[in-house]
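Here chain A shows up in two complexes: once beside chain B, once beside chain C.
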Partner chain A sequence: MTFKTLAALFDELPLHDGMTVSFHHHLRDGDAVMNTILEAMEERDVKDIHLRASALFPVHTVAERLVAAGRIERITTNYMNGPLALLVSKGSLRGEVVMQTHGGRARSLIDNERPVDVAFLAAAAVDRDGNATGREGKNPFGSMGYAVEDALHAAVTVIVTDTVLDEPLTNPQIPAREVDHILLVDAIGDAQGIMSGTLEMTKDPLGKRIARDAVGLLDALGIFRDGVSFQSGAGGTSLAISAGFNRILAERGLTASFFSGGITRYQVEALEEGLVERLYDVQCFDDVAVASLARNDNHIAISASRYANPKDPERIIKDLDVVILGASQVDVDFNVNVTTDSYGRIIGGSGGHADTAEEAKLTVIVAPLFRGRTPLIVDRVRTITTPGKDVDCLVTERGIAVNPARKDLQDRLREQKVPFFTIEELQDICHRFTGRPAETKRHDRIGQVESRHGTEQDTLHKIKGE
Partner chain B sequence: MKKEIITGSLESSDCLIRVAPADSLEIELETVVREGYYDHIKKLLEETVRAEEVDRVRIVCQDRGALDYTIKARLRVALRKFKEEGHG
Partner chain C sequence: MARSYLFIPGNVPRMLTNADVFEADALIIDWEDAIHANEKDEARELTTAYLESHRPEDTLVYVRINSEAGLIEKDIEALRESTIDGVCLPKASSSVLARYEELFSDKDPYPVIALVETPTAFFELDRIAAHEHVFALFLGGEDFRTAIRAQRTENDEEILLARSMVVLAARAQDVTAVDTPFTSLQEEGLAADCLRAKALGFDAKSAIHPDQVATINRTFSPSEKEIRNALRIVKRHEEEESMRFSLDGKMVDKPVIERAKSLLEKARLYGLLPREDKE
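Moving on to the complex of A and B:
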């Protein structure tokens, strides 16, 4: 059924206290849908809400208010930052916060863990039959990868959109048969807001040096060959590595098989220059990627399950050769934290970090050795997002470390005469600048980091109130 | 009353130091790395003041993640100006 007002839709929905509602984050910091829906739930006095969002951003001010008011009881998500994350870190939720991975979220939806009562999914457009897409419309955001399993497995699926197309959609990412209701709104948000975070190559000399050394490391390890597959993030250093990767492909006349994950203009340029055969796009990070998805047949939108679900036999990342990932902390056992800062405050989350690290043949972490005075390398990370067994190399501006479990890589680097340190040596170099931090206390449990397989990876603790 | 002496800034990885006359040595520290480094930085400030042989001074340090050499340099310059103006 199609509704033109929130009130008419909410009269039809099976609302109850303690219900689970889900959202995707393709509009990132430009999303208006979650705020609109949560306000309507508040108006209907729905209590003890379980918020299952694939990610949460500073734009989600209503979620922040409803957490403070105790109306949102628990949160399950893959990533959160900003004021809401701070509030959660201070222990404001009555229930638990669960930090999943992108692949783990898809797996858990399919396995009916923490089942969703109503999924409210922003679409850039629907056709007259109710097929939904992210590619066309007033606020196009590209791939709808993180919404597909919600649409398939929620008890009720509501598509929220601001555009109805006259022409039928030929390749909708969410087919009409999965859609129960459509809500028409003035605007699903501001598609420009998807470009939040750094989407430019780093200009910082430390970042540039890390990028140069990371590309050099890949070269020494023999990564550059026809058919290589590669993924990196959208941070400034990662983008510089992507650019360096493309440059070597071009110089040597090589063609990569695929790039995966969140897609930016750097991957699109490689596709259009014939440096890579296919892009597997679970999420578009900029408007160039959005436009390319509509134009290039080999730029393929995929679901979160197809991307990274450990139980999906077709998952793209099982064939991934190399992934480049960031870190807020790394410990001497190569465990990586991207969920909290050094003191336990939630500042992000796995997203696809733990998924790709486990599956890729080579996982390289890139990060500065210290930020301000805060050391990267610690005895034990505050929060384990990705276990050390899945991490192979660390590249900092002052040196490279290789996981001792990867003797093959160490041997190869020795052959190639590429210098590297033990991680303890890198930690000592760091401490010469920063000093060794004092031990910090952990406070009450507020939730957990869940591995992609559904087990508890680590505990999240309350930070001291300020 | 003489105006206080200010060095440094509140930029990330820097610190702002304010120095003013007092009856005894007072050090106030606010830092973004309080949990890991409060005692470390406090001790560094104390050692630096001692080395400059100043003891009737109030020092306020607002630290934004500066490394030791930055904090030391900011404080030393502030204390030397302070002495040039006839305090200490």
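Moving on to the complex of A and C:
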């Protein structure tokens, strides 16, 4: 059914205390849907809400308020930052927070773990049959990759949109048969907000140095060849690495097989220049990617399951050669933390970090050796987002470390006369600038980091003083 | 023998801490133009603390002090116990150098990079270059342009004479010639400017941004072809035990052999020799 008011829709929904509601984060910090829905749930006095959102951003102020009021009892998400993350870190959530991975979330939805009662999914447009897409409409955001499993496996699926198309959609990302209701709103959000959290290529000389050395490392390891597959993030240093990667492909007349993950204009340019055959897009990071997805058949929208679900036999990342990832902390066993800061405050989450690190043939972490007086390399990371067994190399501005488990990589670098350190040596260099940080005390448990396979990987603790 | 001299503001902790990462052969920590009058004390304190705890081992470190009376005294006092390789003395002149020397009653003055940027300096360039403590002449093109009221031209023709005079004086007194920085971050322009400076005879160039260092180092390094040629000259010289011989139909004599040896020394310093010639 199609509803023009929230009240009419909510009269039809099976609302109850303790219900699980899900949302995707394709509109990132421009999302208006979650706030609208949560306010309506508050008006209907729904209590003990379990919020399952693929990611949470500062724009989600209503969630913050409902956590503080105790109305949201639990949160399961893949990424969280801003005031809401701080509130959760302070232990304000009555229940537990579970930090999943993108692939792990898809797997758990399919496996019916923490089942979703109602999925409220923003779509940029629907046609008159109820097929939904992210590509057209007033606020296009591109791929709907993180919404597909919600639509397929939630008890009730509501598409929230601001655009109804007269022409039928030939290639909808969510087909009408998976949609129970459509809610028409004035605006699903601000599509410009999808660019939040992403950056231009770094102009910082340190970031450039790290990018240059990372590309040099890939070259020394013999990565550049026809058919190579590659994934990198949307941070400034990652984008500089993507640009360097593309430049070498172009100089040597090589063609990569695919780039995957979140897609930016840099990957789109590579596709259009014939440097890569296909883009597998689970999330568009900018308007250039959104436009490309709508017009280029080799720019392919994929679901989170097809992207990274460890149980999906067709998952894209099982064929991934190289992934470049960031870190807020790395420890001497190569465990990586991108979930919390060194005090345990939640500042992000895995997203696809742990998924791609486990599957890619080569996982390279890039990060500055210290930020202010905070060291990158520690004896034990505060929170394990990605286990060290899945991490191969660390590139910093002051040198490279290679996981001793990858003797093959170490041998190759020795052959190529590329210097590298042990991670303990890099840690010593780091401590010359920062000193050795004092161990921070862990307080009460507030939740867990869940591995992509569904096991508890690490515990999240309340931050000090609350 | 440095190829690149990178300016680092003396009051920015992150830039100081990471200064050695940018691969410049030499750093010039700036206490002069980049530092507002109200922040000079802070720059002195920050720089001296940095030099005490994190002075890079493999990079030459200089401080561009102030030459004005009232500031130069404080700068030298702040550097009294420091481990710097020298100072960069702005608005260099015989009188500024004399004042600089007077401030070292109890120890030898630090070696000086003389920053020549005033019209009068060019009328005593030879004396400045010949000064006991001066080991490099550094053209300050921006201030010089302003001082002579020149308009910037596409190929910097307005400073061509000054550039050539700096190189001539440097060669005459056997000191290093360092070219003025390229003030844009446009890479092609920088590469062309480096080539012009190298062609005029400069030994090195200054950089105002870390991004400029790689291009400068590349330009002021001996090329593979130059290294190969120098190796052949020195080898032939050693085999024949002669200071005068013919190679590829050209006469090779003492100055050519000495230039070849000097070039190979620079190549060795920067790890550019072919593997078998490194030992």
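In this text, the second predicted complex is superposed on the first by the 464 of 466 C-alpha atoms of A that agree within 3 Å, B and C clash if a C-alpha of one lies under 4 Å from a C-alpha of the other, contacts with A are read in each partner's own complex, and residues count from 1 in each chain.
Everything that follows uses one rule, which is that contacts are C-beta pairs under 8 Å (C-beta built on N, C-alpha and C of every residue); 3 or more make two chains touch, one makes a residue touch a chain.
Bear in mind the structure is a predicted one, so any value in this text is a computation, not a measurement.
Visitor: Taking the superposition as given, does A:P205 touch the first partner, chain B, the second, chain C, both, or neither?
Guide: second
Visitor: Where does A:S451 make contact in the superposed view: on chain B (first), on chain C (second), on both, or on neither?
Guide: Neither partner.
Visitor: Touch check for A:E397: first (chain B), second (chain C), both, or neither?
Guide: In the superposition, A:E397 contacts chain C only.
Visitor: Comparing chain C with chain B, which touches more residues belonging to chain A?
Guide: It is B that touches the greater number of chain A residues.
Visitor: Pick one for A:Y343: touches chain B only (first), chain C only (second), both, or neither.
Guide: first
Visitor: Between chain B and chain C, whom does A:T77 touch in the aligned arrangement: first, second, both, or neither?
Guide: A:T77 sits against neither chain B nor chain C.
Visitor: Output check: A:F433 vs chain B and chain C. Expected answer is one of first, second, both, neither. What do you get?
Guide: In the superposition, A:F433 contacts both chain B and chain C.
Visitor: Overlap of the chain B and chain C footprints on chain A, residue-wise?
Guide: Dual-contact residues (chain A): 433.
Visitor: Please give the residue numbers of chain B that touch chain A in the complex, ascending.
Guide: 12-13, 32-33, 35-40, 64-68
Visitor: Where on chain A is chain B touching in the complex?
Guide: 342-343, 371-374, 433-435, 437-438, 440
Visitor: Under the definition above, what is the set of chain A residues touching chain C in their complex?
Guide: That would be residues 205-206, 208-209, 397-398, 432-433 of chain A.
Visitor: Can you tell me which positions in chain C touch chain A when the two form their complex?
Guide: 17-18, 21-22, 54, 209-211
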